[in-house]
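Structure first, commentary second.
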Amino acid sequence: MGILEIKDVNKRFGGLQALSNVNLSVKEGTIHAIIGPNGAGKSTLLNCLIGKLIPDTGTVTFEGQSVLGRKPHEINQMGISRVFQTPEIFTDLTVFENVMIPCLAKRDGAFQLNAFKPVLGETDIIEKAEQMLIDLKMIDKRHEIASSMSRGDKRRLEMAMCLAQDPKLLLLDEPTAGMARADTNNTIELLKEIQEKRGLTMAIIEHDMHVVFSLAERITVLAQGTPIVEDAPENIKGNKKVQEAYLGGAHE
Amino acid sequence: MSKLIFNRRGLIKSTAAVGAGLAMPTIFSRNAWAYTNEPKGDTVTLGFNVPQTGPYADEGADELLAQKLAVEHLNGEGDGGCLNTFTSKALKGNGILGKKVAYVTGDTQTKSDAARASAKSMIEKDGAVMINGGSSSGVAVAVQGLCQEAGVIFMAGLTHANDTTGKDRKANGFRHFFNAYMSAAALAPVLEKEMGSDRRAYHLTADYNWGWTQQESIAASTEAMGWETVNNVLTPLASTDFSSYITPVLNSGADVLVLNHYGGNMVNSLSNAIQFDLLNKQVNGKDFKIVVPLYSELMAAGAGDNIKGVLGSMNYNWQLDNEGSKQFVKSFGEKYGKPPSNSAQTCYAQVLLYADACERAGTFNPCGVVEALEGFDFDGLGNGKTSYRKEDHQCFKDVLVVRGAENPTTAYDTLEIVEITPTEQVTYAPDHPLFGGPEATLGTCNSGA
Amino acid sequence: MLKLDKKDTTLFLVVIAMTLLAPFIMNPFPTDSGLAQFNAGYPDLMQRFAIFGIFAIGFNILFGLTGYLSFGHAAFLGVGSYAAVWMFKLLSFNILPAIFLAVLVAAIFSLAIGFVCLRRSGIYFSILTLAFAQMSFAMAYSVLSNPSFNLTNGETGLQVYADDPQILKGSGPDATHLFGLEMRNTFTLDVGAWAFQFNLGFYICAMFLILAFYISLRIFRSPFGLILRAIKTNQTRLNFTGTNSRPYTLAAFVISGMYAGLAGGLMAAMDPLAGAERMQWTASGEVVLMTILGGAGTLLGPILGAGFIKYFENIFSKINDSVLQSWFSFMPDGLSDFFVSIVHPFVGKGWHLTLGLLFMLVVTFLPGGLVEGGQKIWSRLRNKDKDGGAKSTATTPAE
Amino acid sequence: MDAFILQILNGLDKGSAYALIALGLTLIFGTLGVVNFAHGALFMIGAFVAVTMQKVLNLSTELVDPTKKDFLGNPLMVKTPYVENWFGESAGQFIINWSVPLSILAAIPIMLAIGFIMERGLIRHFYKRPHADQILVTFGLAIVLQEIVKAFFGANPIQTPAPDALNGVVNMGAWLNMSLSYPLWRIVYFCFAAIIIFGVFAFLQFTTFGMVVRAGMADRETVGLLGINIDKRFTIMFAIAASVAGLAGVMYAPINPPNYHWGMDFLVLSFVVVVVGGMGSLPGAVLAGFLLGILESFASTTWATTTIPGINQIIIYLVAIIILLTRPRGLMGRKGVMEE
């Protein structure tokens, strides 16, 4: 039994069968990648996971509980954090404030009218946020406004924000999209490091093979809305079906 | 040393700078004041509170011109104006009670809040002893209440709703302008003469206090002479296009349209009615007619040719043929190059009346002034014989019924006087039900002491 | 004691000092000098500064922090005023129950309206609030003032009449008071050529302003305030961080609605009349302009903006030609006429024009409002002494 | 039945004005992303172009006529417009009579110029600024514009009649055996609005210029990447939007006499129309304009006001609330526009 279970998920958009009979299980403590050519249904699947879309049939459960129809903040409160294609951070706030917010959300839940306590008095939150910034080697940037940072730093900050919540599952949506090779490698290193330190479960949706093969322990290949193979990286490389699927689509 | 006194009022204007000449500033306590803003120096300050922005700004500007002219005349400058024709000869052209008249101005914005703010600033900051002017009944009632509390005299300017001297009457407030009841009483006989007693009237009424009281008054007096009120439709104040209110008139079987509108509303509703060619229609075998109970010169100018033949009433018109009027038109016209409007005349007359009352009372104390004005009869300020009634501080005088002229020669004679309705015909009992009934009371005068 | 850090404590103390000393600060010119025209130290205007300061501080909690631009906040001020005057009519002229009810009614009203409007964001939210406020205004101006059910007294404004019940009045005063101390009590202090007016009503408003500022300061520095700022920056991320933004925005909306209700209640307490036009969209627009002009999202900005606009409304509108002539009378005739005609369009009845021009100038050259202007001047002054002073302002965005 | 059709006509007529203002507002918002609070003022300026034209054509020589007296009893100055001196009395009067249609010719270049100056001189500096700043600066501009107009023309409405030939009523229902008398100028106004609306749509649909602008409305950055000078086109678009508002104002002047406050009167309403239609959607703006116009007309009938007292006061806002709550982005709005 995996921490995240996707069972018999189907989704149609008009005449297009976006997902058909998707079954997938993410094991706790592993990095699981979902790859596939453009239009294979990766984004649709992701949207089903985060409650943005509800599948026509099938179930998506996290630790035995259904995530379907839940609002983003509810899904997050279940223990799922998400990294976006382009880093979603609080651009007008400082780096430190950016990290404090997930710590607050983790402690206080979805809503708490904490209007009269000074932030500076929340020592537990401050310590945790500082620790997180130290872990991710960003403590020297704590007073910078987030919008002024480089793209790589923004990604690192977003990661820090997600990790600050001690998630049980980290969803990564093409975390290296649009990055230069050096930044990509940095990100890979960062993710590896996190995995080693924390044993965190991650699901990565990606089409950059370099990233996928350097990180993932399991890989599911989607083609035309259906998973065609699920296996370890070394087995995927030589798989005929995968090659066909990719050759049929746009070659990466 | 200063002494902290919680007296009933302490809104005070500084006098001379006693300590200014000394090397060290001297701190001293105030003298006791006999009444609010008692003028201690050689000037007395009047507050002119008129709309200077918003839709009635032009009317406010006209009122301001008249008030400035009145101040000139009081101070003995210019040709003396109505000081020459005023039947009371207390004013000498040397200011009021020997003090030179100064004035401050404020902007009511035609909002009761803003009007009170600006009146307060005149009272608290500039030491005004009376507030004069304004261009709407809401503002008049609001400022009148303020002046009553503060202990200064209020003279209302243009306010036509019954309430100003009806249920909202105040001892410190006076109204020279006529009201909706008087309009109705003056119009009804003329309407009967011109249109007969078998008419069906359709009312369009501005949906707020003034509109309602006017509609009530007109409906009451026209029904009394046999007219039928077919319908009364309330129109939002913010309306700009009245077409959707005009079209139902065509099929209603009504043969008279009464527009209980003022200002921009009236200009637009009348223009729209003319566009729909109502005046050329025949209903029930009679010519269709339009009545605008309250006219003003500026509205007539705004409506242009559309007012031709339309009946209404006015407080004053410069074409009025009496000594006071002629003198006022001459003074005003020579100074400003145009004849005065009826709101200008109202404000001018009120300033002179106030000054005269102070002279006769021998004090600026509001209670003295109130006493001097109550039941005061006079002539020579333009309206003919005029009297200020003691019971409700409403002024009684002839009311003019006017009609849009068919062939005006200048921009100023677009309205012609049809009838001068004598005072007796527009007089009512002070406890008339339209005026708050027997409960309505002036209260007692407040001098602020 | 106040749970503020050093910098905030200084700021707070400055605000307290400025507020309490307002009768001196607003009255810089001797009473009989020509410049006395520019004095603003008389009770009514000082009360207005404080009241609109409160209104704008509250609006800033919603707009400055969350970025939700409400175009209907005047409605809450209006219902607050009506509630307060009704308390005067029913109970007595004591201001405490009136202000309490004003805040309460505004809270209920803003909870209901906020609950509906916050289902949308951006301009859709703005138009929804505008629509509710305009409906309230139209109802108050006409429909709810009809003789059979007169809740608002329409055009004239709701006021206290002699025949109102006032069941708790007894032998109490006939003017608004706080346990017998009348709001209109004014004590005038003459110092040389100056006359300073100390008005009880103003000091009541000032106390509320200080309290309102303190609460806003605490909110700005609280976790709640931090999340509100996060809502403005990136609502998507916030939701994916496990925070439900809707109750936060609703809380901010209600808090700012209560501030508006407090302002409305105080307005009625200073002057027991509630006019419908304080609910009109122009009044809502005014508080938006105050906040942006002063600096949205800053602590001091709204107060400055409120003071700025009210100053123009009350001081510039009163400068008429005879005042102008007295200013320029020292010049030869032709020259003084020339100057009078130059200045004439911008004062008196032209005060709107000046205000419009200033809006344009401030927003063009000081994007962060008056507060930014002040910071620029301050940092330039400091840079004369030593370099690098400007940097510190950049890292404290909520200042 | 007649009454019903008449109210539809009234609604279409009101709707024409709303739609024209909203159209320009949406063009500006859609192309430039600027919230223009001065748009109502442009409508007002358009109307005052007509007023000015009327005043200019009435510029007169003055002759003393000793037989008549003015109000002070002095000899009257008789005015003869220059145009009557130049073209003869009847031709001159004809020209004066047709001043409103004539002012369209003047209004187009004037409004284009005003739009051009506004965009180049002010608005362009605010493209990247928050909407709040745009609101403040354009609101300031709106105040300045209206105060300038007030300084020249006063606060009182100024009657600007339509030509005699276009005054009066026509019976539109004669051939249906119904009595549908309707003012001719209002019919002209509706047709004029229809022409302008179709013109704008055709311009955007069938010209290359329009295609680029539409692409720019959809995705500004991409079009910029294609090397197309989109800013210049947007300037022109702003000028066009300004002249649409201006022309709407010119033609509206005979319906209601213009006053300096018109801009503010129409501002709120036009924003409601734009938002109800859906931010950034031109067809939405037009549709919402006519819809609200018609609903407003029906809400003012006796039937409606007796059923729900005061409905005519709030109908526009009520409809706006209902539509926005059921359709999150208005009638035809696109996702992601103006939602931050």
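So that you can tell them apart, the chains are marked A, B, C and D in the order they are listed, and the count of residues begins at 1 in each.
Note that in this section a contact is a pair of C-beta atoms (placed from the backbone, for glycine too) under 8 Å apart; a residue touches a chain by one contact, two chains touch by 3 or more.
For clarity, every value in this text was computed on a predicted model and none was experimentally measured.
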Steps needed, at minimum, to go from chain A to chain C via contacts: 1
Statement: Larger contact count among B-C and C-D belongs to B-C
Query: Based on the averaged CA atom positions, which chain is farthest from chain B?
result: A
- prompt: In terms of CA centres, which chain lies closest to the overall middle?
  reply: C
Query: Quick one: chain A and chain B, Cα centre-to-centre, how many Å?
result: 74
Task: Would you mind pulling out the distance in Å between where the CA atoms of chain A average out and where those of chain D do?
output: 51
- prompt: Centre to centre, by mean C-alpha position, how many angstrom separate chain B and chain C?
  reply: 33
CA centroid of chain C to CA centroid of chain D, Å: 34
Message: At least two partner chains per residue is the criterion; list those residues in chain D.
response: 310, 313
Task: Hunt down the residues of chain B that sit against at least two other chains at once, touch-wise.
output: 57, 61, 207, 234, 236, 238
Field: Pairs of chains, among all present, that meet the touch criterion
entry: A-C, B-C, B-D, C-D
Query: Which of the residues in chain D end up touching chain B in this complex?
result: 2-3, 6-7, 10-11, 13-14, 17, 68, 70-72, 76, 150, 154-159, 161, 167-169, 181-183, 185-186, 255-257, 259, 261, 265-266, 296-298, 300-302, 305, 310, 312-313
- request: Spell out the part of chain B that touches chain D in their complex, as residue ranges.
  value: 54-59, 61, 207, 231, 233-236, 238, 240-241, 243-245, 247-248, 250-251, 264, 267-268, 271-272, 275-277, 298, 301-306, 318-319, 329-330, 333-334, 338-339, 409-410, 412-413
Query: What residues on chain C touch chain B, complex-wise?
result: 30-32, 39, 42-45, 48, 138, 141-143, 145-147, 153-157, 159, 162-163, 175, 181-182, 184-193, 195, 197, 271, 273, 275, 277-278, 313-314, 317-318, 320, 322, 348-349, 351-352
Field: Contact set on chain D toward chain C in their complex
entry: 35, 122, 125, 129, 131-133, 135-137, 139-144, 146-148, 151, 264, 268, 271-272, 275-276, 279, 309-310, 313-314, 316-318, 320-321, 324-325, 328-330, 338-340
Query: For chain A, which residues count as touching chain C in their complex?
result: 50, 71-73, 76-77, 81-82, 84, 88-94, 97, 100-102, 104-106, 108-122, 125, 143, 145, 161, 165
